[in-house]
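Take a look at these structures.
Two complexes come next, and they have one chain in common, subunit A, joined by subunit B in the first and subunit C in the second.
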Partner chain A sequence: MEDFLYVGKDVPRTAEINKVTGRAVYIDELKRPGMLYGKILYSRYAHARIKSINTEKAKKLPGVKAVITGYDIPDVRVGFMEDQTVLKRDVVRQYRDEVAAVAATSREIAEEALDLIEVEYEELPAIFDPVEAMKPGAPLIHELDGHGRPVKSNVLPLRWTLNVGDVEKARRESAYVVKDSLTTPWINQCCLGTSGCVAEFDSVNNLTFYSQTNVIFGAKQRISRYFAKIGLKDKKIRVINPIVAGSFGTKLDTDIYEFICIQLALKTRRPVKIQFTREEEFRTLPPRQTTRFEIEQGCDKNGMLTFRKAEAILDNGAYTSWGATTPSVMMMPISSLYRVPNVYFNAVCVYTNNIYSQAMRGYGNPQASFAVEVSMDHLAEEAGIDAAEFRMKNRNRPGEVTPMGLKITTCPLDRCITTVKEKIGWDQKRGKKNGRGVGMASLIHVAGGARVYLSDGTGIRIKVDENGHVDVLSGSTDQGQGSQTVLAQIIAETIGFRPEDINIIFGDTALGLWDAGTHASRHTFIAGNAAIRAGEKVKRQILELAVEYVPKLLKSDFRKQKKKDPDFHEPELDFTLIDNPEKLDIKDRMIFAKKAPENPNFRIDVARVLNRALNVGNGESKTVMAEVFWDPPTQMLNSEMKGNWSCTYAFGTTGAEVEVDTETGEVKILKLVAAHDVGRAMNPTLVKGQIYGAAYIGVGFALTEKLQVVEGRVMNPNLRDYKVLTALDDIPVEAVIVEDPDPMGPYGAKGIGEPGLVPTAPAIANAIYDAIGIRFTDLPITPEKVLAAIRAKKQENQQRDA
Partner chain B sequence: MKGYDYYKPDTIEEAMKMMSTLDGAEYIAGGTDVMVLIKKKALSPQNLISLRNISELSYIDTDNGLRIGSGVTHSRISESDFIKRHYSALFDAVSNIGSVQVRNVGTVGGNICNAAPSADTLCPFLVFDAVVLIAGQKGEYQLAIDDFLLGPNRVALAKGEIVKGINLPALGANSGSAYIKHTRRKAMELPIVGIAARIDIDAKGHPNDWKEAFRRIDDISDMLRLLEKERFVCNDARIAMGVVAPRPIRAKKAESALQGKVISEGLLDEIGRIAASESQPRDTLRGEAWYRREMVHVLTKRAVLMALERMIHADSSNNPKTS
Partner chain C sequence: MKREIAFTLNNEEIAVEVEPNWTLLYLLREVLEMTGAKEGCGVGECGACTVIVDGNAISSCLYPVMEVEGKNVTTIEGLSKEDGTLHPLQQSFIENNGVQCGYCTSGMIMSAKALLDKNPDPTENDIRVSIAGNICRCTGYVQIVESIRKAAEKMKNT
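And now, the complex of A and B:
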């Protein structure tokens, strides 16, 4: 293995010291002079006609600076499919519909003002079940689409179909076939910090928008399109990230509260902040949608997969955000996890009067992999093959092209499976059905960007000052995953500085070059690649300056020394050792001659060279700066949903050992081994942090988390009743880093932000099956469900025996 | 949330006087229930009278029984080795309330006065036959906890009265107790069902060191067999159930079924079933009624067994074991 100074090392997250000491400025702390506080009034019905809104009393409350409704602002559409307006005028279609908004001098006054707004509704019949909503004749959630054309059905006009080979023929020829139905619930992303933003206009209506978005340039464009529609065309927009306390999908789209905040700032001519309470976070942020899967797959008598067919129904809710594109990612495990020659996938997103949905970490992959991997276990059993062996036989291999057109470069899936087998004690523990069991599941995910926009690029600027300090202006964002540290490590390694010399500035559209956003586990991979390229340029510039100025610096040093000490003899130096940038290198910010690395005369701090190059006094001063915009060589998915949309793909396997309390139905996780292909770990501690965190969320997905939405209404809008796991739920996760450096990755790295979550739930479900012989296909697997199933099985057995 | 004035009297007398003169006043101790209500706008007091400065409310007295001032925090109780060993069910309850932060400010007084159907200390207090000590207009008086609890968030306190403390009678020599809080997670949880049990074993006619033989046994079934063989009878039992009725209640029929009997696996199952039949759980989003009833059955068995084990290991220093 190559010898790196910083890459692959546990460099501490020094940039985070401000977070743990309470100095970091999150949106909560952000205050602008004269700032007002905005609050939003939401609908009281899942579906209703607004008969009247009276804001008079609210306007009179002292401290209230503005009250706006849909009738006070231009009635223009926003959103992914332009299927909603900022404030709703005639009809509300979900409980989270924004009906009015207030800006006041304090949060308390704004809240009080909301209570004074009187809205009269006429309730309309609502529809909450996507299957019902799909039926012909079902009442339509929307009568017109974004272009004003009549809508014929509640099914979104998005086609998510992949068809490769001949599934029907393959089914007929299969020796074993299984069919399963699986469902997953609404999941709230549960970011540590709640959502919020600050909008501030200058006197000529240019906007500075402090937003937690992880797609700053996307946000800018969305606001810009909105501006064009409301008479602010060509006004300048600057989007700045405060410190972000988690996004997990919630900050992909520009949310309605952000447009409302902008409207309030426009109306009051003052900066306005909107910040959610935790209750609002639960009631009004778009969650991961519910999904129903029908999956069928088969294998031949040797256990080789023959086909896979999957159909999914996603509850879109009343409007559309990026959640409606998650089928593009679902397609990945359906078509490309394990080798399967014939594949059919179709997904529909359906409008209902439920809360509208978004994406969450994994972007559809957790739901789809749950279906694929539970079904894989089922098929292995049907075929009489050990479930690990079955996966091993069908595993992906380097160099293959999957039915979806994904080009697999590196693929240590075999090592992931074997590692899990060993560490979980598979051979000793599997198949006992004694209340304890082991199970496993694997994943595939994009790990080298994901071309969902026409550009998947990122821009980076690196400048080095005369003190040898580096400022990096990156167009991307950090949501708390430690990007600062990793990028600093990569740049330090590339230019020969120390990580502590490097300051990274993220999340400002005025400073950074364009970036597609920190999503799809792409940041380290894409920004890292750009950083290496920019770093190489910077290094070259420094070395060129060194060739010019090191001899001059040495000469003047010698002169000075001679003045001080008349006996000083100038050393005989071979200046040809440093007469070309190729002959020089930098380490620990010190320039040295490659051929004479120990020669103390040639060891010079970069800062001295840059200082000298800047302060020349003759009109020829120079400074060091480089920029790179890097767009990876990948493809958009074509109309058949095929294409190599990422430079590389990550694999991984999670194994679970569980114990089921057959009296209470509780499932205890005795061990969770998560072995992940990360290409090369840039910073093992941070990589493990991503795996631990993702695995925890995966356990929640498997066992505890569910947003309870009853007739469109969120019934558990708090952290007491929404069971995200806590630090005390000590799930014994062992994160295993499997390295196989990727040729395209920065120093070999692959993305690892999402993968840890993906195989966790199916691994647990499969382990439960191994423990008690009951296959759970409806998440979360609660004690109630387990106990009810155990009883039903007992009864069945008794009836059979009788 | 509207504004309010905040007072911090030093004595019970002063506090009661303030309550009688200030408009729209409420007592506040740790505030972990009161502040939640204020934020939800379920309560909008004009004045808050804090009890936190009143030193008369913050005693723990372990002479002949146990007396706890109402202002004692859950954390302080959980740090008492005496309570952990002898009033284990109470220790179980307070050490799993909310989170460290909640336990550091939340008080026992607040827990019993707020009287949520899920309040964790109530089942333990019921099995210890606790008596509530109340400072009223006409002086101090006492009320059994069973009479103090009226319904969900309702207690037998007249306007302005202050709970001074809770008195727990001394326990028999061969007594053990446990509280099981059935939850989905390990923190920040209200119980789906809470079960407390206390048992007293009659050791008359047995040698002084009778527990020794039991301590050598690891397996609970073996322990029960020995109990049966040596005819150790349960001469007192209490079982209380939380979240299965408008307020925590005792399972009195199950208690009588234990009385005077030797504990066995069969008997435990029967007692569980009886307790379940005495429960009246409802279907809510936090748990389905059938499941709650089933958990009463299972957890009653387990709580009695835990109480038994603790009784046997009462003198050992890590009793009860903390996870």
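And now, the complex of A and C:
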């Protein structure tokens, strides 16, 4: 084990001290001089034609500075498929459709003005079930596509098909085959801070946009494209991140309210803020979409997987955001979790009049892994093999290339499975069917970036000033995971400073170099790699200056000492010990000679050298700064959906022990063990924080959370009826860090942002099956469903007995 | 019609004109510009706006401002010492990763402080009950509970 000073240590999150003193500035705290408050009027129908909009009364309300509708702004399309306009003026296709917007001197006035806007609608037939919407003859949600061409079907023209080997042949030759249907619900990401932004134009229409996006350059690009369409081409755009109060997928795309805010700022010539209420957050923020999976897989008589076939239907809602690309990630567990030679996957995203969807932590992987892992348990049972042993037999191994073309480098999945087995008491507890049960599930996820854009790169700039202070300008963002601390540790380790010497500045397109975004669990891996490379350059520059200036500093020190003390004798120093950068090193900001590390004369604070190098007085002053743009050597998925799109992949296994109350239907989680392959943990406490937090969201996904969308309308738009877990849902989670340093990872690290969520729900579902013999395939597994299933099973048994 | 109310805010006597329909959170955030208490929901369901009034942790988004007349209000801004030394709870949240995005943190710490002021030796269950009304989406509460437990231990031993 290498000896590190800061990497792998529990460095505290001192960089975020303002979060515990109440001084942190989130979007909700951000105020600009003369700022107005924007509010949006949403549709009253799931599908309707707008007959008229009257804003006259609203405009007359004192304090109202602008009221805009689709008739007041350019009628141009936005979004990934360009399938919507910013304000809708002809047809509304979902309850959250934005019909008008107001900017006023206070939130209260803006709200009052909304009530004064009169809109007449003519209701149209709506369709809420994606299966119905796919049928020939179903009413079309969109009659034209983004390019104005007629649309024939509600199925999005995105092809998500992977076909490797011969699934049909493999099925015929399999000894055991199982088939399951599984469904997952709408999930609201529930960031504790609601969505919001501030748009501010200068006098010549350059925009500063304060946005919570976790893809600042993506946001800038989208705004730039929008500007080109509305006559603001070449205006400067600066996107700035305040401190972000949670993301979980919600900040990937530029939302419509952000474009509206820009339009209101443009119209009023004043800064405008839009900040959602919690109810708005529930009603209008694109959630994780519902999915229906049909999955079939088989194995031979020895229990080796032969094929896996999965088909998914995703409810896209009325418009398209990044949620429609989650099948690319679903393919990963379908094709590459455990070794399976023949794979077929196909997913369709379908327009309906429901709320349009986005991505959420895991990006489709939680839904797909739920299907794969529940089915794995089913198949193990069918084949008469212990479910843990079945997984061990089929586990992934280092060096393999999966059917999707993923090149597995390190893979301690065996250790994850055995750790869970041991810690959950698998051999003692499995198979009792006495109301208590244990289950497990594993995962594979990208952990070394994800080439979803043509560049998966990141830029970093490190500068060290004459005081020895380090400012790091990174093009990425942090949404609460602790990137400041981890990046500071990595840089401190690389350049020989202390983490507290390092100030990380994220989230400003004007300061940072391009970055693909803090998504796909990529930040530590990608930014860490860039940071090491830039740090090495910075260190080299410092040591080169040290070679030049340390002898001069020492000589001037000696002269001064001699002045003070005539008896002072200059020590005889071997300057060849420091005559080359290779001979020097830095530790805790002190430069020293490698061959004489204890020699006090050669131990010099970096700040002294840099101060001396800057203040030379002869036109040759120097400063220390390095920048690196690093794009990992990975591939985009090709037209067959194959490609090694990440430098490395993370594995992990979660085990659950549950107790099912057969009287109330309640599922109590007695224990969760989450063993995760993290390469090398940069900061074990922070890594565990990611695992715990993700596991809890996973438990919510399994047991409690469901956005109730009834005929397109969100029926539980509050934290009382949408069941996020609280501290009273005391779930004993044990996070186990499994280390196997990754050769390409920064100091061996892999990404860990998303994995903790992924295997949680299937592990719980499998444990419930082990407890009561009922396989739940529809999330969340609520007490009502459990009770109904227990009753149905009883009846079935009675009928059979009779 | 504005009315003047007087109360103690973070050990300082203050008098301020308020509209009777304001909430305490509105006064704190919009008028006094003390934005440590957060508005996560505005309807008393998330706990991000928790402050302490006369020793009890309350949701300031529901608390009528007229009710604070003559009372003693402590917010997150009043926890650290004048020289900037953090309260043990604040320190513990930083050290034990009780903070991620930080939006629930002010409320969590105030709920925990109200608990520790009354019960310096809480069980894990006491801690969980004290923050039952504070929702956190990032941490799974594990390291928050640990932060509070460790702060309690530290406060007991000093």
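Going forward, the second predicted complex is superposed on the first by the 802 of 802 C-alpha atoms of A that agree within 3 Å, B and C clash if a C-alpha of one lies under 4 Å from a C-alpha of the other, contacts with A are read in each partner's own complex, and residues count from 1 in each chain.
The rule is short, and it goes like this: contacts are C-beta pairs under 8 Å (C-beta built on N, C-alpha and C of every residue); 3 or more make two chains touch, one makes a residue touch a chain.
Here the structure is a predicted model, which means the values were calculated and not measured.
J.: Is A:Leu719 contacted by the first partner subunit B, the second partner subunit C, both or neither?
T.: both
J.: By the touch definition at the top of the document, which applies to A:Pro286: first (subunit B), second (subunit C), both, or neither?
T.: Neither: A:Pro286 stays clear of subunit B and subunit C.
J.: For A:Pro412, decide between first (touching subunit B), second (touching subunit C), both and neither.
T.: Neither partner.
J.: A:Leu728 in the overlay: touching subunit B, subunit C, both, or neither? Say first, second, both or neither.
T.: Both partners.
J.: Tell me the contact category for A:Thr664 with respect to subunit B and subunit C: first, second, both or neither.
T.: A:Thr664: touches subunit B, not subunit C.
J.: Looking only at subunit A, is it subunit B or subunit C that touches more of its residues?
T.: Looking at subunit B versus subunit C, the one contacting more residues of subunit A is C.
J.: Residues of subunit A that sit at the subunit B interface in one complex and at the subunit C interface in the other, please.
T.: 719-720, 725-728, 730.
J.: In the complex formed with subunit C, which residues of subunit A make contact?
T.: 12-14, 16-17, 19-26, 28-29, 189-194, 243-246, 248, 277-278, 479-482, 685-686, 688-689, 692-697, 718-720, 724-728, 730-731, 733
J.: Could you pull out which subunit B residues touch subunit A in their complex?
T.: Residues in contact with subunit A: 1-2, 99, 182, 184-190, 285-288, 291, 294-295, 298-299.
J.: Which positions of subunit C touch subunit A when the two form their complex?
T.: Checking each residue of subunit C against subunit A gives 34-43, 45-46, 48, 75-77, 79-80, 86, 90-91, 93-97, 99-106, 109, 125, 127-129, 131-145.
J.: Can you tell me which positions in subunit A touch subunit B when the two form their complex?
T.: 108, 111-112, 663-665, 704, 708, 710, 715-716, 719-721, 723, 725-730, 782-784, 787
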